[in-house]
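Two complexes come next, and they have one chain in common, chain A, joined by chain B in the first and chain C in the second.
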Partner chain A sequence: MRTPCWVPALYLGPAVIVMVAACLYPVLSAFQLAGYDWAMGTPWSTARWVGWDNFVSALSNSRVWSSLGTTLLFAALCVSAEMVLGIALALALEHPVRGMAFFRTLFILPMMIAPIAVGLAWRYLFDAQFGLVNALLEVAGLSAQTWLADPTLAFAAIVVADIWQWTPFVFIIMIAALAGVDGSVIDAARIDGACWWQQVLLVKLPMVMHVIAITLMMRLIDAFRVLEVIYVLTFGGPGDSTEILALHIYKTAFVGQQLGVAAAVSVLLLVVVVLLSWGALRLSNPMKGEPR
Partner chain B sequence: MNRPAWLAAAHYAMLCGLALLCTAPIVVIFATSLRQQVDIFAAPLNFIFTPTLENYRAVLDEDNFDRYLVNSLFVGLVSTLLTLALGCMAAYGLARLRFKGRTSIAYTTLLLRTVPLAVLAVPVFLIWTEWKLVNSLWGLVLLYVAVNLPFTIWLLYGFVLQVPVELEEAAAIDGCGPVRVFTKVLLPLMAPGLAAASIFTFRIAWNEFILALVLTDRHTRTLPVAASLFITDIGVDWGRVMAMGSLIAIPPLIFTFVAARQIITGLTAGAVKG
Partner chain C sequence: MDRRVFVKGTTITVFGAGLPFSGVQARSRYAKYAGKTVVFSIPAHPHYDAMLKILPEFTKETGIKVETDKLAMSRMKDKQLLEMAKPSGDFDLGCYVVMWKGEYVSKNLIRPLEPFFADPALADPAYDMKDIVPIYLENLGLVGGPKGYLAGPGAKLYGIPYGAETSVLAYRRDIFAKHNLKPPETYDDFRRLLRVLKDKEGIGALASRGQAGHQVVHAWLLHLNLLGGSVFDDKWRARFNDKAGVEALKFLQEVVATGPAGIPGYGQGESNTAFLQGQAAMYLDSTSIAGLVNDPSKSKVVGNVSWALHPKGVRRASQSGGLGLAIPTNAKNAEAAFLLLQWLTSKAQDKAVTMVGGAPMRNSTLRDDEAVRKHPEFVAFIEALKHSNPDWRPIIPAWDKINVQALGVGLSEALTGKKSAEQALDDLVPQVNAIMREAGYRV
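What follows is the complex of A and B.
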């Protein structure tokens, strides 16, 4: 069917204009901004062109590097724990049971609630004096910890909060994927004498490998978008032990008021995420294999 | 195949345990919001306390609470409506029309879905200042529509593809114009997708607070921004902030219980077909 060229423009135009104006254009102008020395509260016309200086100062700042390290470690720990836990739970609980719809509803609650509320809840739970976590530790005969005041424990706290929030996501997707596996293949494996482990490792998981890969990529991309929960839970502290790149950008720009340097770090974070997304697109392309 | 009873019991026990883990922190938010100041700092395992609405009264009496609520509702609803309208049209165009530049638009849209909001914060602050959109609710709406469109288009694209073209052609032969084909044939069939997309968009617009914190002042603040201001260097005003958190959590909780199926459709879209 031949369509005159104004028809696509009519359908796509409004959405494209909004996305370009408020998403693509800002992202691209981060590159331009990164070349200027611009302080908060001063008019843009007084900003000074400094070339690569912001990148140089960002890349020679040890805080940026430690922040990048924190971000990568955070993403790696959270995503691998969420994938392993989510897949293991899905394998254990894949058998359809009555009332599963209700349980699934409860499982998506952590993802639906405001990140600011999630951060507050965990900050309260991890509180050294009146937090539930310490109270439970003491009941179990272990000693209480000053969770959010110790660099390592504070990092553990943000990882726990993220695992709590996003493991259900992996679980729900994997339950749906496992439900789609053809039962006769499993029966065939059982008749051939495969034990439960062999059925899982050699038949079921390979059959849902595609879904696992896509879920992994979705989680990885989103792990780099985390900001609000950590903002509320630790605000990057103590020291800079939980200061992920997104929070570093926020602090540099709106606390330290160095917008140019913040833009340079934004570009750095963008490069990391775009590289990942490119990999994700190659794995999961919703437009793949359809006629042009 | 029959499962032994102990296996079924273990299955339910595990599900209940997980449900408890998932809901406990949320229950803590509501429970703390009902505690008096003295109870908040008391032993945490003391689950029996006299509930009080004092914290809610304090939050609601706050000078500008009703203004923040109206701001939040305005931003949430208008962003959702605009995102749905623009997203529907774009998804339909991408799925049904063949034209030059289609693939590049589709790929750019998918890539924009991955941009962290923190990357947008600095340039958007500058551009919005230039465009006089800072401290304006429309500035927030424009931003939320833009960041939600990629996911919405992606989700609805899948739903348009599932509608057979023959259905549209039949309607057209029966004398429906393009607009009526869209509204009478396509939209009803896409209803689950529209529900999922609107819940996800509303969730972001209603919950987001970092960009809102940067882009609003005391007149245009939204509820999450107002809540974040209870967290200060001196400490956290737990009772009030939890009351505020509970109020913010209510609409998403309602959506979750009413439309869990559609939400799960939206969550699994892209990973699991069907």
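What follows is the complex of A and C.
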């Protein structure tokens, strides 16, 4: 029997309404706001239409471009490390081993901690005087570092904090994906003489490539949005060495009170994230070629 | 007319006028609002932690309930702006940082307090406005006068200081005695002592803030005023890159070089901790540390700290700043909020909060025998307040942006060695001028 045309609309309708309300509306609002000069705490009726001025102001600001560069480097380092470590951990723990439930729980704990708490915890860990990181360095015979007072080390600190927090996300997704790999395919590869590396690189990972692509995309999006941990850990400093674009937007909106310019920079961030997500989906798009 | 005389005079005249007509007893003043709830926006701050200890007494005495909304200081403004911009807000009373007062008034987000103090049904006849430390009242409460934030013609009262502070020098008397050193009288002594203490004692000489943003600007301002500098000249042209500005920044660079490791990453908490945990021999910053120095659960230097005036540069000065209380324009229970504000800042409660770790804002508390026995440092504080400069920083609405987004980045770059002091300050001038032009100043 042919499904009436209204049935898909009925099933999809509620989800579409929620998506439009929760996702599309804020994005459209950001586009609208980007055309106005408006400060928080003043009535919207006092907002002044400025056309493209906010985009011109944003794009001609060297701090925006340096922030974008910092963000791209931050995202590249964090996401690469998280993907490699997350997949490696998932491969290490995919087979039943003693205490596996404990390790799985332990590994996903960082993801469950509030970002502000993560920022504070790492701030204390990296403290030049009393931090655990320096204490461990000294135990190992190395000299203590002023982690949050040096531009390069501070950048390393925010990368480490992000990797610590979000590697578990990749781990948990990948362990679920690997569990879904058909065991008979692996058996066939083994019978054909494939070693462990070959099984992993030529069979398992290609079979879960669509999950890897989606995970990569989600992590990329998140890496561009991260704010709280860096806000607490360095507030963008020293100088502007750790001022990623999300923090720049926050400062422009809430400190500088230029919500229009902040919205224009947000649109720029959206464009960058869309382009990168499109690139990630080109790796393997799970929706491509699906039978209707 | 002397500014302090003006503050005293206007406050006594404006508010004192209503007092003789106010015969309303406290009980009837509160009765109308008993059962109402005042929602109070407060920061995570030692003074407000102390306030929470005395707050139940207010409800017991008046029947007015208080609900506090506590946030980290840095996030409090975002939430307040969102709440106060609504037609009807959730906050009835709010704590603000001194730098926000101009912006809040320019956006009509907080109410002038004269009408409340002039209302005999609300005002406490015993409320002694002239007892509030005049510099605190001017710095935190007045808006609309000369420069927009000083006492003088046009100034109106929008807030009452609560958690106000000035700057003093705390030093380790055990270390100073061990090396036969004296606390620095002048900036020349101060500069020399930094190196001497570092070399002789092996710990940091002076604890300081240094994190990018407000923190590093606060640290630089602590030296700029004393060395004869200021951010703007009288025509709002940037002058912070002059000789005094460079000297102040070079002094701060020396503080970093001789201080506890990691100052360019220090906020106020880290700076306090460095001194309290014995990693620095001196501390030059807010008086708010006084409540922590002799608390054995937070301090390893109990009994070893003495206090002195901010060393003298080309002039004597000390900081003016801290926190105040204001009533949002869109408060639902503005009258009940005023009663709470009035109660908290009364003589009796100022002493009460001081005795449980808060910061006094009244002369009567600073001179109270019992309070001075518990806090002998108040003697030094009274002296410091005589030199407190109400024009310590330009508290115009654009200051927050200049503070965090321009100076806060450039000064931080000078502390990490990315730029020299001269280059960092010169590079900041066009940025600051651009912000001033955006804000409508002709520079």
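Just so we're on the same page, the second predicted complex is superposed on the first by the 240 of 292 C-alpha atoms of A that agree within 3 Å, B and C clash if a C-alpha of one lies under 4 Å from a C-alpha of the other, contacts with A are read in each partner's own complex, and residues count from 1 in each chain.
In this section, a contact is a pair of C-beta atoms (placed from the backbone, for glycine too) under 8 Å apart; a residue touches a chain by one contact, two chains touch by 3 or more.
Here the structure is a predicted model, which means the values were calculated and not measured.
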Practice prompt. Go through the superposed model and pick first if A:G237 touches only chain B, second if only chain C, both, or neither.
Written response: second
Discussion item. Tell me the contact category for A:V56 with respect to chain B and chain C: first, second, both or neither.
Written reply: neither
Worksheet item: Is A:A76 in contact with chain B, with chain C, with both, or with neither (first, second, both, neither)?
Response: neither
Worksheet item: Counting only touches as set out at the top, which of chain B and chain C does A:G256 meet: first, second, both, neither?
Response: second
Worksheet item: Is A:T42 in contact with chain B, with chain C, with both, or with neither (first, second, both, neither)?
Response: second
Worksheet item: Which of the two, chain B or chain C, is in touch with more residues of chain A?
Response: B
Practice prompt. Could you look at A:L120 and tell me whether it touches chain B, chain C, both or neither (first, second, both, neither)?
Written response: first
Worksheet item: Is A:Q129 touching the first partner chain B, the second partner chain C, both, or neither of them?
Response: both
Worksheet entry | Intersection of chain A interface sets (partners chain B, chain C) | 129-130, 231, 254
Worksheet item: So in the complex, which bits of chain A are touching chain B?
Response: 1, 3, 5, 7-8, 10-12, 14-16, 18-19, 21-27, 29-30, 33, 38, 44, 89, 92-93, 95, 97, 100-101, 103-118, 120-125, 129-132, 134-136, 139, 164, 168-169, 172-173, 176-177, 180, 211, 214-215, 218, 221, 224-225, 227-228, 231-232, 245-247, 249-250, 253-254, 259, 262-263, 266, 269-270, 273-274, 276-277, 280-281, 284, 286-287, 292
Worksheet, complete the sentence: Residue set of chain C touching chain A in the complex reads 74, 77-78, 81-82, 84-85, 103-104, 107, 109, 210-213, 215-216, 260-266, 270, 273-274, 277, 279, 400-401, 404-405, 408-410, 412-413, 415-416, 418
Worksheet item: Taking the complex as given, what residues does chain B use to touch chain A?
Response: 3, 8, 11-12, 14-15, 18-19, 21-23, 25-26, 28-29, 32, 40-45, 86-87, 89-90, 92-94, 97-100, 102-103, 105-112, 114-127, 129-130, 142-143, 145-147, 149-150, 153-154, 157-158, 203, 206-210, 214, 224, 227-228, 231, 236, 238, 241-242, 245-246, 248-249, 252-253, 255-257, 260-261, 263-264, 267-268, 270-274
Response to the item:
Given the complex, residues on chain A that touch chain C span 39-43, 127-130, 144, 146-151, 154, 231, 234-241, 243, 251-252, 254-257
